[in-house]
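Labels run A, B and C following the written order; every chain starts at residue 1.
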Amino acid sequence: MSSVVGSLNELLVSLFSDISLDVSFLFLLAVIIPGVVIFLIMTVNAIVAVYMERKVSAFMQDRLGPMEVGIFGFKGGKKFWGGIGQTIADAIKLLVKEDIIPNDADRFLMILAPFIIFIGAFVTFIGVPFSEGLIISDFNIGILYVIAMSSVGVIGIILAGWSSNNKWSLYGAMRAAAQIISYEIPIGLSLILVVIVVGSLEMSEIVKWQADNRWFIIHSPFAMLGFFIFFISGVAETNRVPFDIPEAESELVAGWMTEYSGFRWALFFLSEYTNMLIVCIIASVVFLGGWLSPFKIINLPYVDIIPDSFFILDGFYLGLFWLLIKAIFLIFVMMWFRWTFPRLRVDQLMYLCWKVFIPFALGNLVFICIWELLF
Amino acid sequence: MGIDNLQDNSSIKADEMVLNMGPQHPSTHGVLRLKIHTDGEIVSKIDPIMGYLHRCFEKHCENLSYEQVVPFVDRCDYLASMHMDHAYSLAVEKLLDIELPERVEYIRVIIAELQRIASHLVAIGTFGLDVGAITPFTWTISDRERVIDLFEALCGARLLYNYIWPGGVSHDLSPKFIDRTIEFLDYFDKKYDEYNELLTGNPIFIERTADVGIIPADVGVDYGVTGPSLRGSGVDYDLRKTDPYSIYEKFEFEVPVGKGEMGTVGDCWDRYWVRMLEMKESMKIVRQAIASIPDGDVHAAMPKRIRPKKGSVYSRYESARGDVGFYIISNGKNVPVRLKMRSPAFCNLSILSEVAEGWMISDVCTILGSLDIVLGEIDR
Amino acid sequence: MQPDDILKILQQIEFSAPEVKDPTLEGSTEEAVAEGDIVEESVSDKVEESDRLLFDEDSQSIMVDYSIWLDVAKELKGNKDLNFDYLMCIASYDLGSDRLGLAYNLYSNHLKHSLEVKIEFESSVEVPSVASVWRTADWHEREAYDMMGTLFSGHPDMRRILLASDWEGHPLRKDYKEPDYYRGVPVPKDKTAWE
């Protein structure tokens, strides 16, 4: 069982074998530790990504971005590192901010909603790999699980929008529901391409296939189209520009988050950036070779283009590095979208999904089957 | 505006929702409140409610001498204060019937066209914001800052200038002003193309703005829409050409009108594009004016005290937002009996409910952004 | 556009408008009533026909009696030689002793000429609304009502536009007294801070 929970359990059992601890307690510990680690990853990701977002946007807008808040007396000057403490300060501010619940809001649902969204993002990580073997549980329906869990959040969004008792929130929630549910379909359809080719839903199997053959994005033209459909739909599913109509700050003020403040709003924020990371990691794992180094982009047994010595660059730790590099690049692309594109209108968004992406994804599915039969 | 509007729900059908956009809303461009009746995302009726910024400027003017009115006029259209000053001064000069020195006219034209660039930059930037593009706004604002720096060097103020006075201007140009203006124009020429790359040709931008919020030419005229918003509908109505004031006959420039390049004539994209082209024309005018500016005393024609003859005057002026009119009635004293300002944004806004009905909530923001309103002059 | 050209066109109007008006006036009352308009026949009858359209030399404008204003407005827009399709501004003014005035500034986009029309009347009189002729008049008339208290008959949606709907009085009247309280909030009367 090549998963973190399994190996952690074994490790704990071997460590505490001389002390007579209950086995079920050790297993619980083996589950809780990764949970804490995931939470840390989510937090660190949000802090880093927010900082990156600010600096990327500042760079694109001829600004400097945050400059004043340093960390441990380190301010960084007018460079990329200037204001490095800003997001930490913001996080602290959000945590200590007053949590306002409007009088007419549905208290219970309003409190519940952020946690549902958060849990949706949180549990998705169980199936998200970070490197070879570095996955909490590498079960055989990995992709299916990730798709299923990443859409749990939409329940929270609808609850948040409804319970706020605010028309803007309601509009945001309705838009979000329509958007996220619609874009699940092209995402699912483009991931099926991989499943058809690889013959497995397991993350490690998918990467193994790519290591043996080539990165899936260059498997065929259809796979490449599938990648673009997947990635753009992923942007839509994470509600980012140009598909940020549920938040649409110039139309709906803040959409379904309008009435939220303080910690609950921070949870939304955390989940948003976590979803970004998940989409980018899944895109990297499924289409861009996961933890494989760029030198393994193509593996032709009869032509030896890349010397074998380069394959030292693969491995557990470097795999983590490569995967994160790919994911961060995709996150950068998402930010690039955000700061250069206007926003689509809700009907145009639906048009794009139902009349462009889904037909193309379905066509892709047919053609990749033919391709597999031919080659 | 008022409280009773909130309770007046008798006309609402069961499936309609009344949405209050504003007075605090990011894309109402100030404290405008739109009572939107919606059927799902579709807008079925819009009732603009304004007056949140009302300060009864016209009543103020009835208690101030003609010179003292100028700073109040500034505050009407705070994004194009120079135009307001200029429009008011033209009206008073028409009432006084005085001739201005050539140099004053040239300075006024240079300033007015620079102000037009600055104002259109804000219009384009906020229009970008309304359709969801944030970056153009920061770019345009930083370029507008350069124009404002020029004005700061000119008269010390950055937003409300009190520079153009009836009978002249408050100071002559500072010696470096011309050089700095040329420098700005050279810079802006290059920057102009970047805006086109970022926004004009962007497919999503075109998708959002083309064919949206079409104002047919006759309806636009009927509603008194003026300025770039009317020219976007293909009407060749620019007071600088049709009824030239100041010395605009001396300069060569085009009046850009909407041609429906991306969709139908009179859509939001056309109005945006007209503003873009107008900046180019303004640059042309400034260059020509700078090349031929004569010397002279800018205070030569300035009256010691303004006491117009008994009578009334209606004077119009092409501001960045459209046709600014001043109707002044004088009774021979140094205080106007009545000063009525025809606000272009006021009339432009009146077409919103006609145009935006049947479109989506997002389009309301787009259309409102393309009309480029300033609440300071709507509410006066 | 030269001033003497304007004058010529103005003179044209002076001739043509009463001729157009006379046969239509009897008919128009019925039409107007059918449309929901209220035309005060008793008041209009008092005015001499020759006084209904006058040329005002000082301001180069024509003075129209309010009773025929709607017909004149229709003629101004509809007549091919006049074709005033653009109503630039409606300025209301207070003449004192309970008389008000309205100045309509018109422009023709096709013929490139402009005109000022003035109506002066007692403040209790309802002026016919021209919102059906130029739709921009809708908001301008609401503003005139709001600020000056001119009453309009046949306006589609007469409410205050700039002031709060429960505001009392019309601020631009010369005899306007500012209230001591608005919704229980005292209005600051001490102006030393800014005078």
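Brief remarks follow.
Going forward, a residue touches a chain if its C-beta (ideal position, glycine included) is under 8 Å from a C-beta of that chain, and two chains touch if they have at least 3 such contacts.
On a predicted model such as this, the values are computed, not experimentally measured, just so you know.
Because contacts link the chains only in sequence, without closing, their graph is best described as a line. Comparing per-chain C-alpha centres with the mean over every protein C-alpha atom, the closest match is chain B. When you average the Cα atoms of each chain and compare centres, the chain farthest from chain A turns out to be C.
With centres set at the average Cα position, the gap from chain B to chain C is 26 Å. Taking each chain's centre as the mean of its C-alpha atoms, chain A lies 45 Å from chain B. With centres taken as mean Cα positions, chain C sits 64 Å from chain A.
On the side of chain B, the complex with chain A involves touching residues 17, 19-20, 25-27, 41, 128-135, 138-139, 142, 198-199, 202, 204-205, 207-208, 360-363, 365. Against chain C, in their complex, chain B makes its touches with residues 1-5, 50-51, 54, 56, 58-59, 62, 218-219, 221-224, 235, 237, 242-243, 310-312, 314, 316, 323, 325, 327, 329, 337-338, 340, 342, 346-347, 350, 354, 379-380. Considering their complex, residues 1, 58-59, 85-89, 91-94, 103, 105, 109, 112, 114, 116, 134-136, 138-140, 143, 147, 160-166, 171-172 of chain C touch chain B.
Across the complex, chain A meets chain B through its residues 57, 60-63, 167-168, 171, 241-242, 244-245, 248-253, 338-348.
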